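Same chain, two partners: chain A is paired with chain B first, then with chain C.
Showing the complex of A and B:
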C-alpha cells in the first residue's frame, strides 16, 4: 500500500503531463515572450560563416554599383525578414550603391516603400542625401514568378516599363547605362518562399553568373546550404537569428538583436518541454512494465 | 486542330527556351527573350482570371447563403475595398504627377508670374492629396497587423506541436528528436553560452559547432539529394510536355 499510492499519484501526474493541454503551452510561450521583451539585456551573438559571407559581399559594393534588391515577402513574415531588409538596405544606401528594388510578391512594393522612407530619412539626418530615381528606385510588383526572373535577365526596362509611382523607367537616371544581369554588380533577395532565393539562383544567378546573396526565413534556410556550398550564393541570412548576426557585424544592434532574447527563451522552453515530455513517457513505460 | 496547335506552340516555346541555355546565336536569344516577355504578359492576365474566379465562386456562395457565407462576404468586401482604394490612390498620384509636369513646363516656357503661382498652388494641392496615401494607410493599419497576427500564431502552434511530436518512439524518431534539440539550442545565442577554452587560446562552442555541422553536412546532403531528384523529375516532365506526350494544358 505504501509503495502503490505514490506510484499511482506519480502515474497520474505523468499521464497528465504527457497529454498536457496545449493552452498551458500557449500561456507559457506568451508569458515568456512578454517578460523577455521587457528585459533589457543582449545575449552574445556569434555570426555564422554564411552571415559573414553575406556581410563581406554587401560591403564589397562600390559607390555607383547597380544592386538588384528583390523584396519577396509581405507583412506576414516581416517579423523575421524586416530586420534583415532594413540593415541591408541601410548598408547599401550608405555605401552609395544604385539600389533597384522590385518584388515577385504582390504585397512586396509597399514594404519596399516603407524601407526606403525609413533609410532615406535616417541618412538625411546624417547629412547623406539619397534621391528617388537617381540613387534608388521601387520598380513594384511583377507577376510570373520564374518567368518574370528570366525576363529580368533579358531586360529590366521591358519587364518594368514604369516604376511603382508610374514613371517610365527608361527615363530614370538610375536606369541609365545598364539593362540586365550582365551589368548588375550584386543580386540580393529577401524572400519567404516560392518565388524567392531558390528561383533566383536557378533563373538568374546560374544563368548570368551574377554575384548573389539571400535573406530568408528560418524555415527556408536549410534549402540554401547546397547553394552556399556550391558557390551560387556568397552568403545568406536565416531568419531573425541571421538578421541579429548581420546587426552584430554591422555594429548596429536593433530589433533582431533584441529579438534573440525572446527567441532564445522560447527555444529553451520548447527543448525543456520536449525533454520532460519524453522523460515522462519513458517513466510511464517503465512503470507499466513493472 | 484543337490539339495540334497547342502542342505545336508548347513545343516551339519549350525548344527555344532550352536552346537559349546552350546556343549563343543572337537570334535564338532574341526569340527566347521575346517569348519570355509574352509569358510575363500572359501570366499577368492569369491574375485577372484569378480575381474573376474568386469573385464568381464567393459571390455565388454569398447569394445562396452557403456555409460560412459571412466570411466570404468579408473576403469580397476586402478585395473590392483594397482595389478601390488602390485605384483611387493611383488616380491621385497621376493628378499630382500631371500638375508637377504642368508647373515644370510653365516655368520652362517663361510664363507670366500669376500663371506660375496658380500652377504652384494647384501642384501643391495635388501633392498634398496624394500624400494622404489612403492605400498605404489601409495596407499599414489593416492588412499588415492582420497578416502579422496570422503568422505569429505559428509560434504557439509550433511549441505545442513540438511537445507532442518529438517523442522517442523508435530509432528514427530519436535521431530526429536529438537533431532538433541540438539545432534549436545551437541556432540561438543561448547555445553559444556553453564554451570550452582550448589550449591554443581559442574558444570552442560545442552546441554551436554541432548545430553548424548538422546543417552544413547531413542537412545539405539531404537537401541536395531532394533537389537533384526534383530537378531530374522536372527535366523528364518538361520533355514529356514539350513533345506532347503529356498535355496538361488541354485538360479542363
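Showing the complex of A and C:
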C-alpha cells in the first residue's frame, strides 16, 4: 500500500482504482454475463487433442457394445458437468450402445434418471426407440468409493443386485452376456472429485485395462493430463469448455457453446483488471519514489 | 388447481429466491443470506442422513438381516449365510465408542480394518496407474518417430494452426526436463550440490506454472457455476411463473435497502480493503 497522501489528480485516480470496491467488479461480471448470454453469436472453438480423443473413442462404439457410464456428481456441479453428460449420453444412445449407468455419489442417481428421460424423449421424436432394462439401465448408487470400483471389476451383478427401481439386475436383458470390465467396451466417468476419474483410473482402468475416457470439472482437469499422457485415458473433457469442444465436434451447439461467450468475456475482464491493477500499483510506487 | 403445477411453481420460486439470497452476500452479510445458509446446512444434513440410510444402511444391512431372519424362521438354511452382516453392525457401532472417552480406544479396531483394507486396495492402484504407467508415459522419443499411431516423424516444434500440445521434440523435451527437475526439487535425502540446486530451481518453476494452470481452471469453474445459475434464473423468469427473478430481485433489493437504512445509518462505506466497512453487524 502507498502510505503517502495522493497529491496529483492522476495519483488520486490511481489510488481510488487500486482500492476499488470489489462490488463494482461483481456488478461488472453480472452485467457482462447477462449481455453476452443475450447476444446471438458463437465465438470460434478449437477442440483440444484430449477432447478429440474423447469424441473419437465414444464414436468408435458399435451398436450393442456395453458402456459403463458412471455419473459421479450431483446438482451442485451440474452447471459444469450436465452439458457434458447430456451430449455424451445422446451420442451413446443414438449409436445403439448398451448404456449401464451407476453412481459413486449418493445424489447421482436422480441426475442419471433426468438424463435418460430427456435423451429417450428426444430420440423418440426422431423415431428411435430405446427401452429401459434393454438398451439402458440406472443401477443407482453404491457406497464404498474405491472398494465399490474394485468390486465392479469382479462382478457388476453382485455389486448391484438390483437397479435403481429395485428390479433384480440378473434378470434384465441389458445385463445378459457380460458381468465385469473384461466385457465392457468403454468406461466413461463424469465426475466432480473423489471418488471420480482418478479413482476409476487407479482401480478399474489400470487393473483391467478397460478403455476409458472422462469428463470432469475444470478444477479437476489438470490432474488428468498425466493420465492422458500415459495412455490411461484416451481423452477427457474439462468443465464447460470441454463440453463446448465436444458440442463443436458433434455439431450440436448447445448451452456449453453459448456459455463460452460469457466465459471468454469475463476472462478478458479479469485479465484486464489484473493488468490494470498491477500497472496502477507500479505507477503509484514510481510516483511515490519521485 | 393441478397439484403438480403448484409443486413446480413452488420449486421455481424457491430456487430463484434462494439463489438471489445467496448472491446477496456479494453486497454484504445480511439476513437473507444468513437464512438461506442456515436452511441449506439443515436440509443438507437431513438429506445426507436420509441418503446414507436409504442407499447404504438399509439395502446393505437392515434388508439382509431381516430377510435372513425371516428365512431362518421359515426353515430355510440359506438365511444363515446373511448373518455375517451382524459383524458389520457391531464394527459400525464400535466406531461410536469414540463418543465415550473411557472406551474410545475400541473405535480404533474398526478404523484399523478400514485403513488396512483401503491401504491394500490403493497400493495396487497407485503402483499401476501412478508409478508404472507414469514412468512408461514419460519415456517419449525426443527425435525420430512418434510413439503414437500413426507413428509419424516428430516435428521440431508444434505445427502452426495446431494445438500447442501436439507431440513434438520441444514438447517432449519440456516433459522430460519437467519430470526430472521436479523430482530433483523433491529429493531431500542428500545434500544438494550446485547442479542439483539449479535443477531444483527449474523444478519449482514447473510447480509454480502448474499451480497457475490450476488457479486458471478454478476461475473457469467458478464462472461456469455462475453461468449455470444465471441460465436457471433466466429460464425460470417466465410469465407462467409470475416472473420470479424480477419480483424476487426487486423484493430483496427493497428489503435490503430498508434494512441498510434502518440499521446502518452512518455506517462506513466499504473501502475495498479486506473486511473494510463490513462492521459488526446484527
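By definition in this document, the second predicted complex is superposed on the first by the 283 of 290 C-alpha atoms of A that agree within 3 Å, B and C clash if a C-alpha of one lies under 4 Å from a C-alpha of the other, contacts with A are read in each partner's own complex, and residues count from 1 in each chain.
To be clear about the criterion, contacts are C-beta pairs under 8 Å (C-beta built on N, C-alpha and C of every residue); 3 or more make two chains touch, one makes a residue touch a chain.
Computed from a predicted model, the values in this text were never measured in an experiment.
J.: Let me test your reading of the model: by the given contact rule, A:96 touches which partner, first (chain B), second (chain C), both or neither?
T.: neither
J.: So in the superposed three-chain picture, is A:79 touching just chain B, just chain C, both, or none of them (first/second/both/neither)?
T.: both
J.: Which of the two partners, first being chain B and second being chain C, lies in contact with A:241: first, second, both, or neither?
T.: both
J.: Between chain B and chain C, whom does A:267 touch in the aligned arrangement: first, second, both, or neither?
T.: A:267 sits against chain B and chain C alike.
J.: Give one of first, second, both or neither to describe whether A:203 is in contact with chain B, with chain C, with both, or with none.
T.: Once the two structures are laid over each other on A, A:203 reaches chain C alone.
J.: So, A:133: does it touch chain B (first), chain C (second), both, or neither?
T.: After superposing on A, A:133 lies clear of both chain B and chain C.
J.: Looking at the overlay, what does A:147 touch: chain B (first), chain C (second), both, or neither?
T.: In the superposition, A:147 contacts both chain B and chain C.
J.: In the overlay, answer first, second, both or neither for which of chain B and chain C A:155 touches.
T.: The first partner, chain B, only.
J.: Looking at the overlay, what does A:254 touch: chain B (first), chain C (second), both, or neither?
T.: Neither chain B nor chain C is touched by A:254.
J.: Using the superposition on chain A as set up above, list the residues of chain A that contact both chain B and chain C.
T.: Dual-contact residues (chain A): 20, 22, 26, 29, 33, 46, 48-49, 78-79, 107, 143, 147, 150, 207, 218, 222, 226, 229, 241, 263, 266-267, 270.
J.: Could you list, by residue number, the parts of chain A that touch chain B in their complex?
T.: 20, 22, 25-26, 28-30, 33, 43-46, 48-49, 74-79, 107, 110, 113-114, 142-145, 147-148, 150-151, 154-155, 158-159, 165-167, 207, 218, 222-223, 225-226, 229, 241, 244, 260, 263-271, 273-275, 277-278, 281-282
J.: Using the touch rule from the top, collect the residues of chain B that touch chain A in their complex.
T.: Checking each residue of chain B against chain A gives 21, 29, 33, 36-37, 39-40, 43-44, 46-47, 90, 93-94, 97, 135-136, 139-140, 143-145, 147-148, 150-152, 155-156, 158-160, 162-164, 166-168, 177, 180-181, 184-185, 187-190, 192-193, 205, 208, 212, 215-216, 219-220, 223-224, 227.
J.: Using the touch definition from the top, list the residues of chain C that touch chain A in their complex.
T.: The touching residues are 26-27, 48, 51-52, 55-56, 59-60, 117-118, 121-122, 124-126, 128-130, 133-134, 136-138, 163, 165-166, 175, 210, 213-214, 217-221, 223-231, 234, 269-273.
J.: Hey, which residues of chain A end up touching chain C in the complex?
T.: Those in contact with chain C are residues 19-23, 26, 29, 33-34, 37, 46, 48-49, 78-80, 82, 106-107, 140-141, 143, 146-147, 150, 162, 199, 201-203, 205-207, 217-219, 221-222, 226-227, 229-232, 238-241, 255, 259, 262-263, 266-267, 270.
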